[in-house]
Every structure is written in C-alpha cells, then in structure tokens.
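Each of the next two complexes has chain A plus one other chain: chain B in the first, chain C in the second.
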Partner chain A sequence: MQDLANADCIVIQGSNMAEAHPVGFQWVVEAKKRGAKVIHVDPRFTRTSALAHSYVPVRAGADIAFLGGVINYILSNEKDFREYVLAYTNASMIVSDRFQDTEDLDGLFSGFNPETNTYDGASWMYSGCEDSGRSHTQAHADRETAAGLEYESHGASVPGDLPQDPTLQNPRCVYQILKRHYARYTPEVVERVCGVPQEQFLEVCEAWTANSGRERTTALVYSVGWTQHSVGVQYIRTGAIVQLLLGNMGRPGGGVMALRGHASIQGSTDIPTLFNLLPGYLPMPHYTHHPTFAKWVDGMRNPGQKGFWSNAESYAASFLKAYFGDAATAENDWGYGWMPRLTGDHGTYQQVLDMIDGKIKGYFLLGQNPAVGSAHGRAQRLGMANLDWLVVRDLYMIESATFWKNGPEIATGEITTEQCKTEVFFMPAASHAEKEGTFTQTQRMLQWREKAVDPPGDARSELWFFYHLGRRIRERLAGSTLPRDRGVQALTWDYPVIGERGDEPDAEAVLKEINGYDLTSGQLLSTFGQMKPDGSTSGGCWIYTGVFADGVNQAARRKPGREQNYVAGEWGWAWPANRRILYNRASADPEGNPWSERKRYVWWDAQKDEWAGEDVPDFEKKKPPSYRPPEGAVGVAAISGDDAFIMQADGKGWLFAPIGLIDGPMPTHYEPAESPMRNPLYGQQANPTRKVYNRPDNPTNPSPPEQHSEVFPYVFSTSRLTEHHTAGGMSRQLAYLSELQPEMFVEVSPELAAERGLEHLGWAHIITARAAIEAKVLVTERLVPLRIEGRRVHQLWMPYHWGGEGLVTGDSANDLFGIVLDPNVLIQESKVGTCDIQPGRRPTGPDLLRYVQGYLDRAGLGPDHHPPIVTARDTDDGE
Partner chain B sequence: MGNSLYGPLDDPATDAGFTEAPPRMGFFTDTSVCIGCKACEVACKEWNAVPEDGFNLLGQSYDNTGGLSANSWRHVAFVEQPAPAHVDALTEAGTQFLGMPLSDLPGRVTDAPRTDFRWLMMSNVCKHCTHAGCLDVCPTGALFRTEFGTVVVQDDICNGCGYCISGCPYGVIDRREDDGRAWKCTLCYDRIGDGLTPACAKACPTESIQFGELDELRTRAAERVAKLHEDGVTEARLYGNDPDDGVGGDGAFFLLLDEPEVYGLPPDPHVPTRDLVKMWKKAGLAALSMVATAVVVFAGRSK
Partner chain C sequence: MIVGVRTWIEGWPVYRQLTGTDPLGRGAAAQSPKSRALTARTETADRVAKSVCPYCAVGCGQRIFVKDEKIVQIEGDPDSPVSRGRLCPKGSASLSLVTSDRRQQKVLYRRPYATDWEELDLETAMDMITDRVLAAREATWQDTDADGRVLNRTLGISSLGGATLDNEENYLIKKLFTAIGAIQIENQARI
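Here is the complex of A and B:
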C-alpha cells in the first residue's frame, strides 16, 4: 500500500479507492505529487476519478475485454519486458497439443462437459503432463468447495522439468497461445464491447507501457468492483497477466494491489472465517479427497513438486499441535481425525438457501448484516426467519436482528411476527476501540492496537464470547464418551484471563499461539522455517509465524517512518516474515543485480554471498542466483537461483494457468449473468462454469440470446459512499455520519432521466426479477450513456448502505440482486445486473409482490425457467 | 500603509496587544488533493461537540451540509462541472446541473480551458481574517483575537446580538437557533494551545488541510501553485493569501482550481472597517463644511 508512492503510473480499475479507502488513497496522492500519472477506469465518475489525470468510462462487466485489449496492445507491439518475461514467467512453456482455445470453440475452452458445466483440464496442462490436469469430476468438487481459493497460495501440482522454447516461436508455447487468444481484442473491439473510445483506450495502453520496464513501474489497484462478478477471479488474472508481461511484479511501485473490503478482512482470510479454508490457507479437509492426514498433506505439497509448499507437513502438524496440544500425537495423526470435513458447498449462499429449506437450525451472525449487506436480501431474511435460533453479536440492533418484526417482509405479509419461529439472541459487542488485538490490513500488515476504553454495559469482545462459549461447551461435554465429542474435549483452551472482571482472555496469548512455539524449549518461533513435522513445534497459522519473533510483539512496533528506510519495515509486521513486497526476488535480474538503479530493491550481495536489500528478500538468503538444482531435486532445493516465484510449482509467474482455475487457463470476455446485450465476441454468452442455484425463489433476469431482455433494459451497479460503512450498522446509527448522506438515492445520467421522466430529488423505483426498491433520484453527469455495438446503453448506480433500522433508513440495493457466483471462489455477482427504473415510489404491502410478479410474467420467468448455461454454437464434448 | 482597520498587518496578535506572541497560525487548504471524504467535518464535530445539522438530502452533488453554519464549522463543497462541449446539449435536454443552478457561472462557460468533466471538492472553513469583521463589530468582547492571531468566540460571553453575522464578509459566523449565540471555527484553540494539530487537519488523509505557521504555509502554497502550473494545471490559484486583499489576508487560505464563485466564495471580500476611515473622513468633512457654512453665515451677518 505505502509502496504505491513509488509508482510512476497507477491504474485504478474496479475500485473507487478515494471513496472506499480514503486513508490508503494518500499514497496515490503522494505518488501524484512525485509525478506519477493516475488513471481511473470505472463505469461511473467517482471521487477517485476526480483526482485522476485520466478517467475512462467503461461498461460494468466488460473489464476483461478492456484488459484483454491492453494485453493485445502489449503483445502485438512487442512492448513486453522481454528479459523479465523470459526469466520469471511461464511464457516459454509448451502447452499440450490437445489444447483448444475459446477462439476455436466459440467461447469455450477444450475439455468442456455440458453435463456438469465443468472442464476436464488435461488439455490445459503443459505438454507431457496432461495426466496431472483436473478432471471434470474433480473440477465439479472444486467448484462446490471453492477449492480455487486454496491455489491462492498453494500453486499447484506441476512437475519441475518441462519442455520450453526460449525463442518464444513455438506455436504451442504460452507466449504464442496468449498472443493468438488476445489477437481479437483490438482497440475497435474494446470500443464495441466496453464503450471506450479508441483514442482514450490507447492513451491508457501508452501510459501503462511507457511507465513499465527496467527504469519505471506501474501499479495496478483493484477492489470488489473486480471480484464480485461471475468471472471475478479471471478479472484479476487479466490484471496479473498485464503486470507480468510488463515486468511489474515483485518490484517497487509495481504489483497488483488488492484493496480488501473491510478492516481486517485480510486477517479473516488468513485466519479464515471461510468454510473451505483453515488458517494459513491450509484446505479444510474434504471427506473423500482427504481421508487421512497423509492425503491431506499430499494435497498441499504434491510430492515431487518444487517450492515452499513442499514443507506443508510441518505447517499442518504444527497447526494441529496448536489446536490439540498434547492430545495430538504421531499415533493419532496429530488429531486429524477430529477435524470437521467438507461434504460439498457450505458457502454462505448455499447456507441461506438451506435455511429457507429448513436444513439449517441455528446460526451465529458476527460482524455482518446479511439482511442489508448480502445479495438477494429477501432470501437472506426469509432464511433467517426459518431458523430455530439465531445469535446476533453487533454494536446495534441491526436489520439482521430485527427482520422478524421490522423487515420489509412484514409489510408484504411474507413474515408474520407471531409465527416467525426464529428465536433471536442479541449480544452486544465491543467495538474496535474497546478491545485489544491485531488488525491485518489489506497490505498483509498486522498492527496491534490497544484498548482505549472499556466496552459499555454487557458489551464484550468476540474473544471473550468465543472463549467462554467454548469453555461452557467443554464443561458440558467433559463427561461425554461419544467419539464425536473427543475433538472438542482435546482442544487446548487454556488462555490466561485478565482485566478488571478477570474474565477477558489475553489477546497476546492468542497471538503467541498463532505465532507458534518450539515445544521442546517453550520458546516462541521466529520463522516458519523452524516448524517441524514431528510434533515438536506448534503454530496456529504458519504464515503468521514471526509476529512474535524474539518474544516481542512485532505487530505493536510503531517506529516512525522518518527514523528508518522508506520501506519502513519496523512499523507493524507483515506476513510472511515481515516482507512488504512479495516475490521481490523479481526486482533483480536473473544474475541478482537490480534491473535499474532507480528501481533498486533487493539484490545479491556478492561480497557477503547473500541477498540484501531495502526489504526482507523473498528468497533463501544464501542461495546464489547461479544456483541450479541437482537432478531429481524436489521442494525448496529444486528452486533455481532465478526462480523468483518461489511458491509456484514451476517457480514462474503464470501468464497461462494450466491448473487451478475452473473457468479456463486464460481470461476471456463473457457477459455478466444479466446483460442487456449478446456477447459480441463469442456464441458463449456468460461464464459457462458459473455457479447457479436454479430455484423459483432465485430468478435471473433474461439476457440474450433469450427473449425479453428488454423488460430489464438498464445496467446497474452498487457500491459505497465514504460517509457510510457497508451495511450501515456502524454509520446509520451515528448522527455525524448519517447527516452527511441521509437518504437512499440512485444516480442516473441526464439522458436516462429524460428517457424515463425522472426528476432530480424526486422518487424513482428500481425493479429486478427479485425485488422493487425505491430511492431519491440524483441526476448527474458523472454517469454517461455508453455506445455499445451501435446502441446506447444506460448505466445507473446506487449505494447499498440503507436498511430499515437506524437514524436514517431506506430500501436496500442488495435486494435487487439474485444469487449467481464465480465458480472459483463462490463470490456473488453483485457489481452488475440489469433492471428497470420508473418514476415515483414503489407499491407497498402485498401489492409490491404482485408488481414484481408482473415483471416476471412479462419477462417470461416462470418458476421453472432458468437461463441456458451453454450458448456456444460448437460445444466441445471433451473428447 | 497598514493599520488596525484595513490593509496589510505584520501580526494581528501584536496589533491586538499581545506581547511576545507566538507565530501566527493558520490553515492552507489545498483543494487540488481534496477527495471529499468529509473527515474534516466529522472530526471537527467530534472534537468540538458541535450538534448535528439535520438529515436533509440537498441534491447538491454529494454536499448534504449546505454551507458553513453554527452547526457546521467545516463544510465540503462539491461542484460538478461538465465538459464545456456538453453544456449546450444539457441545456437543450432541459436538465439542471447539480450544485450550479445557472449556466453562465465562471468555469462553466463553453470557452473554459478544459475538455473534461470535473468534480471539484473544497473544504471550507472560517478564514480567521487579519482584519476580522466579526470581531470588530462585537460589542461584548465575546469575539477576541488569540495569541495565535486566530479569531475565537467565547460562548459564555456572547449575548447573541448577531452583529458579527452581518460583519463577516464570507458569511461564516452564524447563530445557533436553539441558544441564539454565535458559533464558528475556533481553529481548535484548545488544541493548538497544547501543541496539537486542529482536528480537521489531523483527520485529513491527503493533507489537503495543512495546519502551521502562516508564513511557512504561504511559502508552501506558492511553491505548490508553481508546481501545479509546471505540471500544466494552469487554473490553480490561491485565494485569501494576499495581505493586500480586502481583509488583510486570511489566516485560513485556499488553493482553488477555478474562480472563487464556483466554490461559493466571494471574489473580492473586504472587511467593513475598510471604509471606516473614509466614512469618518466624509463625516468629518461634512461636519467641517457644516461648521464652515455656519461660520460663513455668521461672518456674513456680522458685516
């Protein structure tokens, strides 16, 4: 984040950084002061655009076409940083001769199975190792469990020595495949698909390439404007390909900056609140794929593979030792049998649907407000209204705690308070100023914060709640002889309690447990390299090991920037190993010298025979650039002295992903699940592997080639205002924030206002197949109609902060979305959809349901109607 | 040239009678880096316990505060400026332009030296004038000049007469409806006395609001304008920095990207006391001529 200040150019796309991350935006302002060019690509002119040198309006949901155009510009003009690309990417790898591209198959890659809508990935593999590809059965299970997320840090199973063509001339090498794949993404096509005038598009290409290379670097910034799509992961992949081709990864002022959506949401991915991951990106065991500890560990380290995941057994054993302490022994596989198992999709949206179907009885809700903040608000509320019990821990009585008496479904008659069977327990929570602990912010940095004041009344920290809940459950189960209770009995639950009441668990003790110990000496570990597979070490999250290096709380360091070098490594602590830029070996050339003096960061110090630099080198300290692995080497020893991407199975940055993604080895433009237009590039309309839930209560607006898309003619997007916090639980209760944005509104262009008869500050209502909501109209030129494929496409925008509780109330924009998910990580498509907008307020009471039903009828959306998944004209059956 | 009523003044604190006053402190608000986050508005209210100002959607772009008032001591203005070529098309479509009710205001004319849409943001505040109209007319002494050269109202002395409101050339100071007293920015007098940065400047994430010694801020601002001009932002200009202006220069001055009127600021503010000498001179002249007339009349009669 701070490193953005060192960029020569910053491209912000899929993010309203100034608005949603105002504090982090200071580094963009700093870069601008130092002379960097700032470009903002977004459907709407925002506060970020106001500070950018160039603003480029783009159609929501068309970013891959835009970035694909950038890739085409780079490759067709040979603007790539060739030495970097050859040394550090997989450009020269040869791909299987069975691979067929979307360009050959009308929008599908080879290996598609229309039965399961998944791919057999064998043909995507490097030549000679097709057997290691994922089958479509595996791909199906991967989608159910969002297994793609695991590869985020695992890399994947790929043998070490593979055929390559350093001349990049072989037609089957990655470079040539990439070039062919994106050849069609010309400036004309970008204009047709995205609505971006060619000269504006070329201006971005020229700035991006001119500010990349040996002497200069460009940083790419994105946030949930990219992730929350049915092709979300591929959006980010496209950005990564651009940055790899231009040699911007692992270098100061370069990289891809993922701005996370909330305070410490990075922390809640590292120590996850996700159903499919354990701390440190260890996969949650799957009941068939990981029957034993050995199978589970092999699933991570892929025996024979090179890279740091080969040490997975040490991380896994230390993790289980942290959970189960002395009860974890070599004989019982460190208690692996006590771990819960995945059996399929247990993601948040599947859970909600299961609640509606009565399959889930109880629910804990902490730090979120799904009645307002999650897609398909009505489904969220109806699900929560069909539980036996619900525990809500929050600062205020949020909408998710009051849906049974105040929710919109009371008015429509869908929920009757007297008959709602959910028993809601509201537990007041302590705010961040009322408890101590760490935040892990977007740049992987842990910062310790002190408690400023005691929480009022009965409000307690999450740590307090879970510690005492666990303690009481364990007391209840102490005498149980049931095998299923053995894991709970075996848990280490011995945190010291402190504080005035004498019952607050010591947060530092928890952080120490996460850091890990040498169990033989009782000393805290300093690096994850000290972890052992023999049960002699513990550690709750291997990537956090070192946060208590030397017995010191490194996250609590606050040495001012002026008292240290510009990387400021002594402020807080960043995982892994306090490294501020990942893969920073790539900031030096293959011989270990900085690519340029200007962008000097990490280098090989030949005098001392070790890596040195401004930051902690992301490489074995003593391994020289000239090191070449001996024949048959595996694991860390197999990493060559110039393999900069040390977590990857081949040590390379992947331009082409032979494995790990469910929807294809290269990003390709698909229309959003709801779009007013036919995909201009392929017969295949939308992502063929997207996760859909075909149910009568989850209808999707029709898109071409289906009929009736004109019923919902406009594109809409939702996001945030600076003045409010997400679903409003922390801002709509505060007068000083509420007065700054007091009402729900919808932004429309003057042209759309004229077309629909909308008046500035008047009422309008917005309709989708799920809901109709009302909002005040703001007519603004910050929204412009785009010309797409010869027709005018209107986009409108809404903030999603409002709900029925608080000082300022209003309808919730998330009620408009249905549930369609990205196949890799199961994120919902909530940044783009289609809708209608009409002047005036929406109907109320049961009339509202009839009104929406009228739209469903006109759109031909009967209860059993669901959009076709495969629309390509030549479907490949995988043979 | 300078005097206590008008014109440049080396140090208003010394002029007000302070001996060995600390350097004059002020704000330099650089609107070219303002992101409109309104953290200044919130921080100000939190520190000074200023009441909320009503939950009203104003439709003036993202400004729902409306202006500086007794209950808003910082105010972020949002100005949406269309690309010049777009203005005619809009007028034709009969739509109203947010934040700018007329089509012929400065910066919105079709020959403006821009081609792009712009969204200007500016955090406005009390100017802490060298010659403060509010202070000069206050009959109770509730308004006073601090040792830092700033202007502060003492809420326990103010009797709510409201003279200060008409005395302020910027329309900043305002009476609170429920208690009748006058309120405005104190430049966090209680903080700066303890060596702390005022709340708004402390909260500003992009250093759009800079607090410091006024002399140093003026140098910094001049350098910033020069840098922006060098970078092609030729429309950058300072507002309120000139000791020769109608209020003797502001203690809180601004870098703007368009004419002051575009932001709702008066183009040529001056303190009412500017005319005091002239007025008294005229009154004196009138008195003299009356005396002279009388003398002439009597002298004539005595002949």
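Here is the complex of A and C:
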C-alpha cells in the first residue's frame, strides 16, 4: 500500500478510494505531495476526484473501451517500454494461424460454439500447440466451476519451447495482433462509447505514458467497480495489459493495486470458502476431469511446463496430508478418494435459485447478509424462506435472520410468517477483538490479531463453532462403517483447546497446520520449496507456507514502520515468501541491474552471486540473470535467469492470454447485460459467454437490439459510503455511523431531476424488472449526463447499505439487480444496470408487485422471455 | 491560615493566567481540579492488544485497550507501516461495534411457522444443528452419478460467509464441510 507513494502517476478507475479505503488513500496523497499526478476515472465525482488533478467522467460499463483506447494510443505511438516488453511479456510469441479476431467476426473470437455459448480455444493457442488449447466442452465446464479463480496464484498452463519473433514484425505475433485488435479504439471511438471528450482522454494517455518507462512508474488502482461486471475479469486484464506494455509491473510505484473490500477477503480466497477451490488455489475435484489423484494433479500443471506450478504434486499431497494425517498414504492416493466432486456450477447464485426450487435443506450464514448484500435481494429472501433450516452467525440481528417476519415480502404477501417453514438459529458471534487469528489484507499481508477479551454471553468464534460442530459430527459417525463417513473419520481434528472456558481451539495450532510440517522431523516448514510429493510433508495451504518460518509466527511481527525501510518486510507476513511486490524481478533489467537508480528495488549482486534488494526478491535467490535452461529442462529449472514472471507457465507476462479465460484472449468492449445503447463497436452486444440463469423469476431489462429498452432509459450504479459497511450489519447498528449517514438516497444530476421532476431531498423510486425501491433524492452536479453516440445518457447512483434492520433503515439497492455473472469467476454484474426513476414514494403491499408487473408488461418481458445471447451479424466465416 | 489563603488565591484561574505560562487562559490556567484529575482511558488500561481493523481490506493496525476485562478504547496503531496510526470513521467506531448493547448475546431460535424468537441454550443449539446437518446429508447423499462416476457429496447443505472471518476459521470451515461432502460453500469473495 505504502508503495503507492513511489508512483509518479496514479490512475484510479473503478474505485472511490478516498471514501471506501480512506486510510489507504493517505499514500495517494503522499505521492501527490511528492509530485505525482493523480487521475480519477469514474462515473461519479467523489472525494477521490476532489483530490485528483484530473477527474474524467465515464459511462458505467465502458471501461474496456477507455483502456483499449489507452492501449491503442501506446501501440500506435510506440510508447511501450520496448526492452521490458521484449524481455518480460509474451509480445513476441506467435499465435496460431487459425486465430480470428473480434475485428473479423463482428465481436466474436474464432471458435465460438453457439450451442454452449463458449469457445473452443484451440485457435487462441500459440502456433504449433493448438492441441493444448481448451475445447468448448472444457470451456463450458470451466465456466460452470469459475476455473478462472485458480489463476490467482499462477498462470494457466502452456507447453514449453514456443515459437517467437523478437523483431515483433510477424503479423501473427502477439504484439501485432494486439495492435490490430485495438486499432479501432481511437480517441474518437472512446468519446463515442465512453462519453469522454478526446482532449481529456488524451491527457490521461499522455500522463500515463510520460510517467512510465525506465525512470518513472505509474500505479493503477481499482476496486469492485471493476470486478462486479459481466466482463469484470477482462476489465482487469485490460489494466494489466496497459501496465505490462508500459513496463510498470513488478516495479516500485507501479503495478495494479486491487483494493479489496473486506478485512480478510483476500484470505478467504487464498484459504477459500469457495465452492470451486481448495486452499492455495488448488481446484476442487471435478467428477469427470479429476477422477483420480494423478488426473487432479495433471490438471494443475502441464507436464513439461516451466515454473513453480510444476511442483503441484507436492502441494497437493501435502494438502491431503494436512487434512487426513496418517490415514493419507501413498496406497490410497493420500485419501483423494474421500474428496467430494463438483459436477458444475455450485456457486452462491445457483444455490439461491436451488433454494427457491426446494433443493436445499440447510444454509449457514457466517457474518454474511445476502438479503441486503447479494444481487436480487428478493430471490435471496424467497430462497431462505424455502429452507428446512438456517443458521445465522452474526454480531447483530441482520435482515437475513428476520426475513420471515420483517422482510419486504411480508408486506407484499409473498412470505407469510405463519406459513414459512424455515427453522432459524441465530448464533451470536465473537468480534475481531474477542478472538485471535490472522486477517489477510488487500496486499496479501497476513496480520495476527491478539485477543483483547472473551466474547460476551453465548457469543463464540467461528473457530469454536466449527471445531465443536466437527467434534460432534465425528462422535456421531465414529462407529459408522459407511464408506461416505471414512473421510470425516480420518480427518485430523485434534486441535488443542485453550482459554478461560477451556474449549477454544488454539488458532495458532491451526495456522501451523496451514503452514505445514516436515513430518519426519516434526519441524515447521519455512518455504513451499520444502514440500514433497512422497507424503513426508504436510501443509494446509502451500502459498501460506513460511508464515511460521523458523518456528516463529511471522504474521505477529510488529516492528514499527519507522524503524524499517518503506517496504516494512518485518511487519506481518505476505505470501508468497514474504514478498511485498510480486514479480519484482521485473524491477531489474534482463542483466539484473535496476532499470534506473530512481526505481531501484531488486537487483543481482554480482559480488555475492545472489539477488538482493529492498524486498524479498521474487526469484530463486542464487539463479543468475545469465542462467539459461539446459535442453529438456522442466519446472523451476526451465525458468531462465530473465524470466521475471516465475509463476507463469512460460515465465512471461501475458499481453494475450492463449488459455485461461472463457471470454477471449484479449479484452473487447461489450455493453453490459443491461444497456440503453447498441454496442457502437460490434454487432455482438454483450459478453456472449456471460453466465445467465433464464428463469421467470430472474428477468433482464431489454437492451438493443431488442425492443423496449426505453422503458428503463437510465444507467445506474451502486457503491459504498465511508460511514457504512456493505450490507450494514457492522454499521447501521452503530449510533455514530447511523447518525452520520442516516438515510438511503439516490444521487441524480440537475438535468435528470428536471427531466423526471425530482425534487432535492424529496422522495423518488427506482424501478427495474426485479423491483421498485424508494430513496431520498440528492441532486448534485457530481453526476453529469454524458453524450454517447449523439444522445444524452443519464446515470444515477445509490449506496447499497440499507435494509430493514438496524438503527437506520431503508430499501436495498441490491433488490434492483438481477443475476448475470462474469463467466470466468461467476461474480455478478452489480455495478451497472438500467432502470427508470419516478418522483414520489413507491407503492406498498401487493400494489408494489402490480406496479413492477406493469413495467414488465410494457417492456415485453413475459415469463419465457430471455435476452438473445449472440447478436453478431455473422458467427461463421466473418464475411 | 496564611498558607490556606495563598492556596486559595493561587487556585483562581485569573491568577494563574497572569502569573503562569498561559496568559490567554486557554490551557493550564483555566484547568479545573476535576479536569486536572482526568486521565485518558488509554493510560489507565490494564493491557493493550495489538489488533487489526475489521472493516475494509487496508488492514489498519488497532490498539485495543482493556481495563477490568472490558474494552475501554480502540485506537489506530502508530507503528503500522500501512496505516501509521490512522483510522477512518468506521474503524474509529469499532469500539461501539464490539461494546454496543445492541449486540446479540443469546442464542435465539425460531421454530418453523413461529411468529417470534425464543431463547435456546448454546449446547442444545449445537446438538440440534449437528442433528440437522447429519439428517440433511443423509437425505441428499450422492455416492455416484447415474453412470457410476464418483460424486461422494451432498447438495443439501449451503454456506455463505467468510470475508471478515480469520484464515484459521475459513480453513476449518472448508475442511469440515469438504470432509462431510458439502461442496456448496461460498463467501463474499464471489460477490
């Protein structure tokens, strides 16, 4: 975070950092004081914009067009950092001659299969290895299982030894393909698509490129303003391409800073409570792809590939040893057979729809409030009302625990308390101050928290709850002879208990299990490099190995920042191996010297024959820059001394992703699933691979080329206020915060207020195909109508924190959204949608349902109506 | 007596203002005995726990001050290289988050079709939840699919949460659910 202060320019897009991450924003202010230029690109002027040198209003949902324009500016003016691009990216790789671009196929890439709406990726592959591409059957399964998430710690696999053209002249090399792909994203097109005047756009391009290169670096900052889209992963890819072309990755004051939204949301991805992942981004076994341990491991690595991921078998075997202990043996493939298997999409939104359909019996909510915080609140609540039982663990009484008596559906008559069968357990939870353990903050840094006091009353930690639930389950099943119970019987679950009550599991013992042991000596491991595939090591999450290096809880280190260099490597511990900037080998040139004195970070120390620097070098410490792998080398040995991206299968930063993404090897501008605009660039309107759930209870507002988009003429977005947190369970219950931000509101421009007759501080209601909600009106000039394709487009904005419980209550903005997901990671599009807004309060009771039905009727949305997926004019031959 | 008069005169704020280092009477000169006797809660605390803010992902350092086994103050940790002692409005309100009397401290139970909550003993609730997990698992267990491929799972149980939970907690949650074959385990990171 503090490395932002080293930037010469900071571009903040898809984030209101000053208000959503205020304390982190001090480093932007620090950079500004040192002379950095700060740019904020966002649909709404916020306090982030107020502190930036330039504020660029942009249409919500058009960021790829904007950043694609930046890529075009870089390539057509040859502003790329050529030595960096040649050495560290895949710019010179040759792509299959079967590849066809969206520019040839009206918005589709080659390989599209309209039956599954996925791609056969063979033609996206590097030349000569088309067979390693992903088939559309595989792509379909990967979409269902959000396989893109597996690449958080490493790239997708490709074979070694690939054809290249270091002159970058070959028309099929990545550099030339990229150049052609973005050639149409000119300043004029950016203006037409995003509503950004050309001179303002060019000012951003000039600042970004002028502040990148050998001597200077630019940092890019985003938040969920980028992730919650049907093309969310491609938004971030576009940012990464810009940063790779300009040589900003792995360097001080550079990089892509993802500002995550919760105390340990990074941790809950690393050690996931996610359906498709196991700790350390190992995939959950899939019933056809991973029938055996060997297939599971081979699914993670491509035999013969470069990089640390080639040791996947060691990580996988050590993981199973951590779960099953002595019961995991070479003979039983470390207990792999006890693992459950995925068959498709088991994500939270699929689950909610299954709840509505009566397929799910019980539901645990652990500090989570989907009745307010998830898209399509009504579906969430109707799903919960159709369970056998629900366990809610929270600090305060939240909406997800009271839907059966206080939810909006009680008023409309859709839920009747006396007829609602769901049995509800409310279990009070311990707060962060009442338990010890680690959070992983947004830059992969684990910080150990000491316990201050015991939790009050019946409040308990999740550690307590799950340890004792597991203990009970294991006692009940101890005598079972059923094969299904063998895994839980074999589970290592003997954690020491401590504390005043004598029943709190020792969090440090759990963290040690996560770190892993050498089972022969009983010593804690210090690096994942020590893990073995032969069952002699354990480790619950290989990327966290080292958090207990030398037997010390490294996450508990608290050497004051002022007593160290700014990297502060002795405060907490960051994965992997305590590296604070990932891929920092790229901060030195191919020969191992810093690109410039000004941007020194990590370098080869020729005297000592090792890598040295401000940070832990993200490279094998003793491998010199001159190292070249011997013929036939694989894995770590195949990484050259100048392959900076060591977790990538080819050691390179990917400008073009030949595999790994469902929706294309390069980001392309698609309109959001709901848009008032026809896509100005392609016949293909929206992401053709987006995950949709076509059901009568999940309607989508019409967008061009469909008729009736004028029924929902405005674009809306939602985000956070400084004074509230997500669904409000930790803020609308507190007096100070409630007093500071007491009411749900909708922010509109004076022009929109005039068009719809909205009065400042009066009431308005907002309508989509899912719901109508009401809010107080805030008329400000912070939102400006944009001129898009010659017409005026209004955008409005709402905070999403309100619900029916707490000191301050109000309607929930997330009720307005339907369920449409990004195909790579299955995250919903909840940063942009279309709506109508009308003055006055919404109808109440059953009238509300009739009111929304009136909109559905006018929009032509019958129960069987679903938006078309493929709207490109030609899907076959590109003519 | 003389000494008493002198003390009495010296007790006047105006005397202290004219003779002391605070001629404008805005500081020490105007201090009453009561305010002089005040001490910060941070000074009289019995101990300090080093912690981390539970709201956004910046990970600001917190110092939690405890007296008589009660949390009396939460402040930013100036040692933190990330936050340098600062907290935002939410982080500053985290004392209320943990000490508010609105916090639920009892297990509550809503029977099917009931119109209100009732209280339940914690151990009883744990036993009841154990029963329900095992029953849901039993009723929805899948050994294999129709073609005999191993599934080894239940689709009868769901879970959502985790982004403000500790790594150690998420680890145990995933471990237990995976071992009993419950795969529909999700958290805020999907949202």
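FYI, the second predicted complex is superposed on the first by the 875 of 879 C-alpha atoms of A that agree within 3 Å, B and C clash if a C-alpha of one lies under 4 Å from a C-alpha of the other, contacts with A are read in each partner's own complex, and residues count from 1 in each chain.
Rule of thumb we're sticking to: contacts are C-beta pairs under 8 Å (C-beta built on N, C-alpha and C of every residue); 3 or more make two chains touch, one makes a residue touch a chain.
Remember, predicted model here, so these are calculated numbers, not experimental data.
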Q | Partners on chain A (chain B, chain C) - clash or fit | A | clash
Q: Would you sort A:F745 into first (chain B), second (chain C), both or neither based on which partner it touches?
A: first
**Q.** Which of chain B and chain C A:L737 touches, first, second, both or neither
**A.** both
Q. Is A:W338 contacted by the first partner chain B, the second partner chain C, both or neither?
A. second
Q: Considering only touches as defined above, state whether A:R558 meets chain B (first), chain C (second), both or neither.
A: second
Q) Quick one: chain B or chain C, who's touching more of chain A? A) C
Q) Now for A:V23: first (chain B), second (chain C), both, or neither, which partner does it touch? A) both
Q | Partner chain(s) touched by A:L778 [first = chain B, second = chain C, both, neither] | A | first
Q: Look at A:E723 in the shared chain and tell me whether it touches chain B only, chain C only, both, or neither; answer first, second, both or neither.
A: both
Q: Would you check which partner chain A:R172 touches, where first means chain B only, second means chain C only, and both and neither mean what they say?
A: neither
Q: Would you tell me the residues on chain A in contact with chain B in one complex that are also in contact with chain C in the other?
A: 22-23, 26, 722-723, 735-737, 740, 807
Q: Write out the stretch or stretches of chain C touching chain A in their complex.
A: 49-61, 64, 66, 69-71, 74, 78-84, 86-91, 93-94, 96-98, 100, 102-117, 120, 122, 125-130, 132-136, 139-141, 143, 145, 149-176, 178-191
Q: Within their complex, state which residues of chain B touch chain A.
A: 33, 35-39, 41-42, 45-46, 52-57, 59, 61-62, 64-65, 80, 82, 86, 90, 93-98, 116-121, 205-207
Q | In the complex, chain A residues that touch chain B | A | 18-19, 22-23, 25-26, 29, 32-33, 45, 47-51, 55, 721-723, 735-743, 745, 750-751, 753-754, 760-761, 776, 778-782, 807-808
